[in-house]
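First chain A sits with chain B, and in the next complex the same chain sits with chain C.
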Partner chain A sequence: MKEFSFAVTDPLGIHARPAGLLAKLCKGFEGTTVTVVKGDKEAKASQLMKLMSLAVKSGDTVTVKVEGPAENEAFAALEAFFKENL
Partner chain B sequence: MGLFDFLKKSSVPASVPVEEVPGTILQPIEGKIIPLADIADGVFSEGVLGNGCGVIPAAEAVYAPISGTISTVADTKHAVGIEGDGVEMLIHVGLETVSMNGKGFDVKVKEGDQVKAGQLLMTFSLNEMSKAEGVTSTSAILVTNSDDLPCCEQLFTGDGKVGTPIIKVK
Partner chain C sequence: MILMQGKGVSRGVTTGKLYFFKRVDTTVEQRSVDDVEAEKERVRQAQEKSIAQLEVLAEKCRREAGDEAAVLFETHAMFVEDEDYVECINTTLEDEGCNAEFAVQTAGEQFAAMFAAMDDAYMQARAADITDVTRRILNNLMGVAEGGIDSDEPVILAADDLAPSETVQLDKSKILGFATQGGSGNSHTAILARTMGIPAVCGLGDALKNEYEGRVAYMDGETGQVFLDPDELTAAGLKTKYEKQQEMKMLLQEMKGKEDVTLDGKHVNVYCNIGSPEDLNAVLQNDGQGIGLFRSEFLYLASNDYPTEDQQFEAYKAVAAGMNGKRVIIRTLDIGADKQVDYFDLKKEENPAMGLRAIRICLNRPEVFRTQLRALYRASAFGKVAIMFPMITSVWEVKECKRACAAVMKELTEEGIPFNPDTEIGVMIETPASVFVAEDLAKEVDFFSVGTNDLTQYTLACDRQCNDLGKFFDPHHPAVLRALKMAADAAHKNGIWIGICGELGADISLLPTFLAMGMDELSVTPSAVLPLRAEIRKSIAQTCDLKLLEC
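And then the complex of A and B:
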């Protein structure tokens, strides 16, 4: 399992568009589970509605956990995604 | 002005009578139903958020397309999630409406609420949308877990009323 923390700076946070793009990105790493944790709540990145209900906003720090056969690739792709989009 | 507000409010009923059909999603907003691919925003038209369809609103109210539980309400009030009978849905009102920060939107439900098909979920202002930069009123009706279902068959396109069956799920 690999994980990284990310401080969100996008004022809109994880709303529909980035959530959808994130879910799509994660579907590309079959068998690898990506979990986004905010405080005591967490959601799998593939579960769009749960992900959006975390209501991640600018100023929040989230932890992204990656576990599975493609975790190295997924980790790199996710780090790049968060930096670029959030 | 107060009188107009009163008239406006009274014209939006708290629910409309609909006939629920198992495995079928009902039209949540009065207006013109269009194929998902015709929504002018790739995140919707390419199915990134799930399969479904679009609607160009002719009225300013969103009614529950299925019976179920409210799974999410966007902080910016322009999108509501609902799940019931194994179907997870998102109704995203307008394009780029996230930038309006809730202006003109009035959500009547909260996360965890049980709702019946045809129940009022929110109202919105087409006037506020037309004033906001980059915003259009075209809304998306999405089955966000469509990859996990035999979904979706579009039943209808064109002008329709709230409660018209629009998508067959299974």
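And then the complex of A and C:
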């Protein structure tokens, strides 16, 4: 498993648009689970509604965990995605 | 005349018959079923159909309203297959042994309630997305089509509230405007209406009655007013506004994206004056090439105590980032004179225009100044920020300002906070003194910006606040224009640029004079950008003269 921390700077936080794009991106890494953790709550990238209900805001730090056969590839893509979109 | 007052959420004036949106009845009843697996299969098929429809909708939207709006429907498509949502549907089917419709409705209500209960206006508004997606699946389960507009002529669409998918799949050629009882500026109807450029008024409440169906209404998406049977005066006012709007629209279409350049190749930066980050939208819509004057006073005027560094930083950063690398000139605190703030405890003055105001307050109160400068430099890491000092009369003032800047930069460096050390510094030319010492000022700064309102009042000894001066208060006075010329020459001689951020900047009749002086920038209210651009593109700088400077 690999993980990284990320401080969200997007003013709206993880809102519908980036959450949707994230779910779409993660679909591409078959058998690999991506989890977003905020405090004691977490949601898989595929759980779109639950992910949004974490209410990640600008200034929050989240941990992104990647586990599965494509984790190296997914890790790099996700880091780039968070930097670009959040 | 009947006047309904709502909240204007998408600008524009329009008139037409009111048409109430017909929503098909999808009342769901719980039924017991024997074959739960068959119901699951029905849900799966309805899901597939819904996703296919949403993909078509997303494409339609991408063509009509752009990528931003299209992503919404792609997100809806993902909601349809959301793991937890689908699991909730299946669990209900198994536990209750019920029909697919009931299970889908239950899941929809549950998830909508979850978002509605969240402590955040944006997330609360997402409950409408869940309801919208749920309704789509239900429609597909029950085999009913979406409601549309059954009218041959374009109408003003009235409704309690419109779901995003309802808004977008309507035939836009038949919609003149939206009038809804509920909704907010955050709702998708409002957002989509704005992107599509259709006027919209929401929050009309009970004032919008079903019995108004078919009556001719007049609406103003700016003021939030909807009229039935307007009186003559109101109708004439709306007509003028409508004509102006059509004219502007044509200009907008033509001028957007074009360069601010004269026929003989002289570039002028056409920037915007703004008073708060909320004005950013207007700047982008009118294609302003930068911010020539961001009045920081709003932060101080709108609060009951000194705004904190973080509050200021957020506001400056929002504008710097929002302009995406284009120049954003932020003017430091300019209160005093006609703008008074209680908590500054300033003494009442006989003649406040010449009293303790603007930079004089800042230099007298280093802590207030330092807080603002820290916020400005922190924001400089997020865009092309420039700092401008108002009401300068002497070179020593500028030197003191620069020392304050240097001290703040040193602090930030020590604290490891990012900022742009090459942030441009400029002064406002708005006192006769600053004109006379302009050559010396130019050696200290990166740019000049002329505040013509104050420069006129001080040069002509005419109080701006005094209404009786009439012909004596003449902003076109040769003395004012000669002062502009002196400042421009001083700037260019020393290799810096000069602009105008006062009201004269938008005065089309003076454009040839400004071009002859070689003004590098004109900063105007956002709605004046495109008319000014149109004029610049018709001008030939080399044939412009300085005749107006003669008495």
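Here is the rule we go by: the second predicted complex is superposed on the first by the 86 of 86 C-alpha atoms of A that agree within 3 Å, B and C clash if a C-alpha of one lies under 4 Å from a C-alpha of the other, contacts with A are read in each partner's own complex, and residues count from 1 in each chain.
One rule holds in what follows: contacts are C-beta pairs under 8 Å (C-beta built on N, C-alpha and C of every residue); 3 or more make two chains touch, one makes a residue touch a chain.
Computed from a predicted model, the values in this text were never measured in an experiment.
Of the two partner chains, chain B and chain C are each touched by A:21. In the superposition on chain A, A:12 makes contact with both chain B and chain C.
By the touch criterion stated above, A:44 is placed in contact with chain C alone, chain B being left untouched.
Of the two partner chains, neither chain B nor chain C is touched by A:2.
When the two complexes are overlaid on their common chain A, residue A:52 makes contact with chain B and with chain C alike. Within chain A, the residues touched by chain B in the first complex and by chain C in the second are 12, 15-17, 19-21, 23-24, 48-50, 52-53, 55, 57. Put simply, chain C touches chain A in their complex at residues 68, 71-72, 74-75, 78-79, 82-85, 111, 114-115, 118-120, 122-123, 126, 129-130, 318.
Of all residues in chain A, those touching chain C in their complex are 11-12, 15-17, 19-21, 23-24, 44, 46-50, 52-53, 55, 57.
Residues 12, 15-17, 19-21, 23-24, 27, 48-50, 52-53, 55, 57 of chain A touch chain B in their complex. By the touch rule above, chain B contacts chain A in their complex via residues 43, 48-50, 71-72, 74-76, 79, 81, 83, 88, 90, 92, 98-99, 111, 144-145, 147.
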